Amino acid sequence: MDAQSAIGIASIVTAGITMAIGSIAPAIGEGNAVSQALRSIAQQPDEANTISRTLFVGLAMIESTAIYCFVVTMILLFANPFWSWVISP
Amino acid sequence: MDAQSAIGIASIVTAGITMAIGSIAPAIGEGNAVSQALRSIAQQPDEANTISRTLFVGLAMIESTAIYCFVVTMILLFANPFWSWVISP
Amino acid sequence: MDAQSAIGIASIVTAGITMAIGSIAPAIGEGNAVSQALRSIAQQPDEANTISRTLFVGLAMIESTAIYCFVVTMILLFANPFWSWVISP
Amino acid sequence: MDAQSAIGIASIVTAGITMAIGSIAPAIGEGNAVSQALRSIAQQPDEANTISRTLFVGLAMIESTAIYCFVVTMILLFANPFWSWVISP
Amino acid sequence: MDAQSAIGIASIVTAGITMAIGSIAPAIGEGNAVSQALRSIAQQPDEANTISRTLFVGLAMIESTAIYCFVVTMILLFANPFWSWVISP
């Protein structure tokens, strides 16, 4: 196996694994947060606005960890410095 | 496999795994914190401001651990001193 | 594989793994602490200041363990004495 | 692989793993202690001073185990007697 | 690999693992003890002095197990009799 193949395979596999593992926890964390938001709105309907606003800020923070994984995956696929070097003449 | 390939593959795989594993705990920790914040707002709506403020400071602290992993990942991809050395003539 | 490659790969992989594993427990511990702080503020709003202050000192202590891992990671990447020795002529 | 490489790799990997594993328990232990402190302040606000003082002494004791790991890591990286011997002429 | 390398690597790895694993239980145990002490002070504030004193004696005993690991680690690194023998001419 030459260097291009090895670097390519490593990038492909790592991109997939990163996004796959990186999506587990944000999904669970957001699920818990949304679940609790609905319960809280049901319990205190007058505060639905405050609860929604706090929920959305919190979801954005949780989502950011998934976005980090997505960015790393995109970099590995489209802006991979190791690949650029290995295919440069 | 020559030195460039080996260092490159190690950097790629480590970058992905670091970000993937590093996003698990912050997402779950933030999910718990947000979830409890919503429950607390529903229970004590008059304190919604204090609760939100404390929540956001706490989320920032938790998020910092994910950011550390992201920084390490970016360094491995774009400012890797070992890679710089190995491709320098 | 020569000595430089071996030391470099070990440093890269260890840096990533250290930061990834080292971010798990602080994130979960801080999530628990923040979660309980919000519950306590909802239960005893008059003590919100004392609770916040105690929470922030506690978060700083917990965060310190993540910072230790980050420092070790940075040392491995940028001030690695073994790497310095191996690339010195 | 010669002796220098082997000793160096062992030191690098052990330094990272020591700090990573060594940060798990202190972070969780401190999270539990802070969490309980906030619950106690909410329950008995008049004792907030005593509770805070006891908490901080306890946190210092728990933090000490993380500091031991950090010291061992620093010794492995910068004052490693085996490395000193192996690179001495 | 010659005898010096093998003994050195075994010492390094064992020193790190000993300190890392040896810090898990004391940190969690102290966290539980501090946590319960704070709960007890909140429940019975008049006994705060007695509770604190008992807590500190208990923490010292728990901490001693971490100190044993630290001492063993230091001996492995700096006063290792096997290493002394293997490098003696």
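Read from first to last, the chains carry the letters A, B, C, D and E; within each, the first residue is number 1.
Rule of thumb we're sticking to: a contact is a pair of C-beta atoms (placed from the backbone, for glycine too) under 8 Å apart; a residue touches a chain by one contact, two chains touch by 3 or more.
Only a predicted model underlies this, so the values are computations on that prediction, with no experimental measurement involved.
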Count of contact steps on the shortest path from subunit C to subunit E: 2
Size of the rotation, in steps of 5 degrees, that lays the CA trace of subunit D over subunit E: 20
Far-end chain from subunit D, centres as C-alpha averages: A
Averaged-CA centre spacing for the pair subunit D and subunit C, given as whole angstrom: 10
Centroid distance [mean C-alpha coordinates] between subunit E and subunit A, Å: 37
Rounded Å distance between subunit B and subunit E, as computed from the means of their C-alpha atoms: 29
Centre-of-Cα separation between subunit C and subunit A, whole angstrom: 20
Junction residues of subunit E - those touching two or more other chains: none
Chain-level touch network, classified as line, ring, star, complete or other: line
Chains grouped in pairs wherever the two touch, ordered by label: A-B, B-C, C-D, D-E
Sites on subunit B touched by subunit A in the complex: 1-2, 4-5, 8-9, 11-13, 15-17, 19-21, 23-39, 41-43, 45, 48, 51-52, 55-56, 59, 63, 66, 69-70, 73, 77-78, 83, 87
Residue ranges of subunit B in contact with subunit C within the complex: 1, 3, 6-7, 10-11, 13-15, 17-22, 24-26, 28-33, 35-37, 39-41, 43-44, 46-47, 50-51, 54-55, 57-59, 61-62, 64-66, 68-69, 72-73, 75-76, 80-82, 85-86
